[in-house]
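Each chain carries a letter (A, B, C and D) given by its place in the written order, and its residues are counted from 1.
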Amino acid sequence: MKPKVAFFEFTSCEGCQLTVLDTLQRHPELLEVIEIVQFREAMTERSDDYQIAFIEGSCTRPSDEEKIREIRTQAQIVIAVGACAHLGGINAIRNRMPLDDVREYVYGDKKDWFETYPARPLSAVIKVDAVIPGCPIDRDEFAMAVTHLLQGRMPAIPDYPLCIECKLTENVCMFLRGQTCLGPITRAGCDAICPSCGQGCEGCRGLVPSPNLGSIKEALRERGMTEEQIDARLSLFLTYQTMQMDGVTPA
Amino acid sequence: MKILPKHSLKAWVERLRATHRVVAPRETYGQYIFEEIENADDLVLDYHTSVLPPKKYLLPPREDLFAFNAKTMEMSPLIEEIQPTVIMALHTCDLHAITLLDKIQGTGHTDQHYQARRRKTTLVSIECLKPCMDHAFCKSMGTLAVPEGFDVHLTDLGDRYAVDIGSEQGEQLIEGLSLFWEPVEADYDRVNQVMAGKWPNFDYRLDCDVTDLPDLLAASQDSALWDEVGDTCLACGQCTKVCPTCYCFDVLDEIDLKLEHGKRIRVWDSCLIEKFAVVAGGHNFRSSQARRLRHRFLRKGKYQFESYGLLGCVGCGRCALSCPAHITPIGLLNTLAERRRPATEEASSRS
Amino acid sequence: MSTLKVDVHHVTRVEGHGNIVVDVENGELTQCDLQIVETPRFFEAILRGRAYDEASHITSRICGICAVGHATASLRATEQALGVTPSLQTTLLRKLNFHGEILDSHVLHIYMLVAPDYLGLGSVIPLAKSAPDLVLRALRMKQLAGDLCATLCGRHTHPISMTVGGFTQFPKPADLRALRERLVASRADCDATIQLLQGLEFPAFERDTEYVALHRDDEYCFIDGSIASSDGGIRPLADYREVTNETIVPHSSAKHARHQRESYLVGALARFNINYDRLHPRAQAAAEALGLRPKTINPYLNAAAQAVEVVHCTEDAILLIDQLLEHGIRHEEPAAPTRMSGEGVGAADVPRGTLFHHYKIEDGTIVGANCIIPTGQNLANIELDMRALVPGILDRTQQEITLALEMLVRAYDPCISCSTHMLDVKFV
Amino acid sequence: MTTLLRETLTHSSIYMPTPARIVEVEQFTEVEKWFHLELPSGFTIDHKPGQFVEVSILGIGEAPISICSSPARSNGSFELCVRRVGKLTDALHRLDVGSMIAVRGPFGHGFPIDRFHGKDIIFIAGGLGLAPLRSLITEVLDERGKYGRVALLYGARTPNDFLFPADLAAWADREDVECHVTVDRPTEGWDGPVGVITTLLPKVKFPARNTVVAIVGPPVMYRFVLDELLAAGIAEGNIWLSFERQMKCGVGKCGHCQMHHIYTCQQGPVLSYAEVKNLEEALS
């Protein structure tokens, strides 16, 4: 019996779901091994009878919570897909700013027309069984996650830092190129795609289990970054995680 | 010994390329990477250490162990048709590292994957005449001298290379080639002169004798330095990835979506990663970064020596260069030596 | 049917969340809205306080499908603000990369989002069974487009190596040559795409409107240029506000735009209508084969215009690669800013239409931002189309009417998740 | 007859396993299962008590598991007792009789059985530790005459967690084995001892000088048991422990199992207290 799978999205750019579609380019057999019963971005047919829910996007308004809980009740396995669902992602950048100011800047005096609250990862709303990290996710990692599910186990993702993969790829370290990088504290799994393309890691896959934040900040400082710039770098994708480490969680 | 005029180097490499994959350092963003050379014009012999050591041709970062069909249980080994490879311009530290790896991989159950690659690999090393970078401490580690273990060894004499042949395999690379000349008296003089002149260019950077390292480390097991350094270590693992003598690996299975065809692979692992020594039940036998760092250093400076008679560090300095937290073997070992000294002196004054 | 209520909650096979609400009472159309219910994402607000070189990486996250487009417009805005002049190589690489995005997005839209409607299916999944060749072709074309972007900027969704002033990674000539070969080979897939569209029966609905697109005299324009209207007039990019005139409407978290008429249309059809003369001859021939000529006023034919652009971008990509190979790829440092403060507008005609980014930068830090995305500009036009369409088809079943409306919305290839943004930016 | 190890090592890759079929399964506890495995015809496992095999499920991975059957009784088949804790062991637990797995080995040094001859023996097992010990116990009992007195001390979390119930019953019935069990937490109907395993030690009164001890259990148990044994005067060289470490290769190459200079998979997993007493990483 093929597992029945549904895709959902909350606040996001839908890039991860597009990546899921892209996965078909290299793995067309995906459609033979799972039964997709809901995928709004790609199909009109829908059924609420599913076992596995892949959810993209962060929760950014109270009214989404109920829908997210519904999915949790229906699905046996819930998997957070991408940085927004996993970490709050880019959406959480605003969590460090006064929300009212943010709303007013974009919608002026109509700011109250639209419901919103500080962005949060799925795991702040429901129990999440596994995550596929990244902004966007990596297609091969998605395929591997499905493989693991078909084998009856939870998708396993690396728990070591990006530097490991970066060195396996033999990139010249961004630090040696006079630039900066969050690789030492970021979870691997993307094959160090950013350093390979000449950009320091921005942390989209989230922190490793025991990040040495003090030491990375020191390394960044030493390369001439100001405290503001360091904060900005650590709050591209890591706002929610770092605020949580500081004991701050949004109401 | 033979002589190869510098202007003949390209011609030699082109000859080698007809029968071998020739790999050599190539510059990229101010660092060097060993890569197959497509054109003898690209050849660089004067370089500072490479990002990954040439060991990557013997123990690839990711290596297929065997392929399988999980449904039929068929398995087939994937020690593929390995191309005969010439590694050009190895520094002597890297040569020492390969000698150690040869021992390790050949002890006990021999690793056929390593052996298969090793057999097809010919090592052309080059005499280091000046320090390649600030972080190197080969002279202290005793790896600046040419050991055995090379197939061909080049010494830069200005307009020509002195060519030493270390093995049958090396002999085959130059056999019958008119590019190589017989040396004359003056060539021997020149070699001696170059060799005598090179040593003062290098400093001893380790504050203790290299033969004392196992003792120093044994005595420093409980040093507070491990904790101090452990606090700054990012646990990024770069030092272990770039080290020419590290060889730990993890084993993983990959399988297709139909759960049928797959392969088992191994990937370089790192003892500085938190999960390296965790067992079922969650117990971590090396529970702090301080202990993980200590393990790495004791392994380099003590355990390898005890098990294989060779030190596990060849002083290439790669780990020091790569460490974003500036943790360096020289800094660390010299601090240990310094902290031990008063105690030792006290002890000796008492006796 | 004199009374009708259509309420499509979350239109499927579009990017982002939108509802169609139509209310007809006694033959009278009382409501006809496309409601955008996407949650607000506040990109303009979160850009404030960021270093100038982070903007393109943040704004590419506005939309996973137009990520290269957002990055390009963003970089152009920053470069305008800081007086950066990118090299010829950078310009060529950006254009080539952009074609990758257009190809990827158009193929996705034509094959996976639109075609199922015309073939009476709910999605591409049953199509994979009934017409595997068609689906494999689409996947092959997308793979090529994706590989093109990956070679140039690391990946299509959220490009990596595009940066202010240039690139941080360069394709190898061998990679470009390989891509060129595949592009040439994909001409057959382009032809097949045109054939596919020839076989589809598009609804015979027409409504004249104003068409707006970026324009340049010397090429079929996707990046920079000026703003041209089918109603006449060419304006510089800096005047984008006078064109877009955004207003907030209560039923939509995205804003509505109007230029010289009540609404206007952006996207492939608008580009086709305005820049037809600059299409590659093969693309013009494809248009011919589809019976498409400017000005085409049936919005359903946007998909056909996209197919014409697929041909154009494939051909132009080949030409660009030739040009790049001829110049030789150099590893060049990105062009540096000549000042650290300033204000600039960047524009790109992304798959769905014209996109504007406008930044104000002080001492290298962004202090004000405005982004106007194509779907926002199209929303008013879609609603007017819906209003024009419904009375003429009231004799059909509710199901047929609903489908006709959904297909209309989908024809625009709306990308709703990014359409949420502000109006009336007052830069402080 | 080809022995498995020789076969493993003459493959062109030491990392390539040999298929084996599950022929019998018994669920001991909620998380522990016993497997009887059969090798292809013509193969024997030829192991020593305390040795382990690397068990594979192709597509999932590999894990070291001790052989729990006696060498003398192996004859082309062998037994494993496996606790479900992670990816390989979960998958193994889901397999039915008839399924194929694959094995490499046996690896490591087992218990130095020759040095047990003529001695009194105390077996101390904590939880799953009984699995590797069972191989040794069976061997000893099969040649009972070669040894002095024999005692088994076995501690489990609860009475529901006892492994090898049939063996336990049989051993308890024997006159020539002193069998003591304890549980951390009793359940209804349990009238045996409650407490950690060290509480059983005073029950065995063997002369220290002639006693060897074989201990296998969770890491926390070792320190406490060792303290008592040393206090009772057992020689350091007569206390044998089996060590569990992460092992990816089993052949002394992957580096995971190192405790200081010792490759547990090669020099161990069974080591004497004398060998490890100064190794902080062994007994922390």
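Structural remarks
Everything that follows uses one rule, which is that a residue touches a chain if its C-beta (ideal position, glycine included) is under 8 Å from a C-beta of that chain, and two chains touch if they have at least 3 such contacts.
Fair warning: this is a prediction, and the values are worked out from it, not measured in the lab.
Annotation of chain C and chain D: jointly contacted by A, touch as defined at the top. Chains A-C form the pair joined by the most contacting C-beta pairs. Here the CA centre of chain B is 39 Å from the CA centre of chain D.
Inter-chain spacing, taken between the CA centroids of chain A and chain D, is 43 Å. Rounded to whole angstrom, the centroid-to-centroid distance between chain B and chain C, based on C-alpha atoms, equals 52 Å. Taking each chain's centre as the average of its CA atoms, chain A and chain B sit 38 Å apart. Shared interface positions of chain C, i.e. residues touching 2 or more other chains, are not present. Shown for chain B are the residues in touch with two or more other chains, namely 255, 259. The set of chain A residues touching two or more other chains comprises 151. Taken as a contact graph, the chains fit none of the simple arrangements: neither line, ring, star nor complete graph. Across the interface of their complex, chain D is touched by residues 65-66, 68-70, 73, 75, 77-79, 104-105, 107-113, 221, 247-253, 255, 259, 262, 264, 266, 269, 271, 276-281, 283, 285-287, 291, 295, 298-299, 302-303, 306-307 of chain B.
Remark: chain D residues 59-60, 87, 90-91, 94 touch chain A in the complex. Those residues of chain D that touch chain B in the complex are listed here as 9, 11-17, 19, 56-62, 83, 85-86, 89, 100, 102, 218-219, 244-246, 248-249, 251-256, 258-261, 266, 280-281, 284. Of all the residues in chain C, the ones that touch chain A in their complex are 10, 12-16, 38-42, 44-46, 48-51, 54, 57-58, 61-65, 67, 108, 112-113, 116, 122-125, 128, 135-136, 139-140, 142-143, 146, 153-155, 157-158, 160-161, 163, 167-169, 248, 250, 253, 417-418, 421-424.
Interface residues of chain A, counted against chain D in their complex, comprise 151-153, 156.
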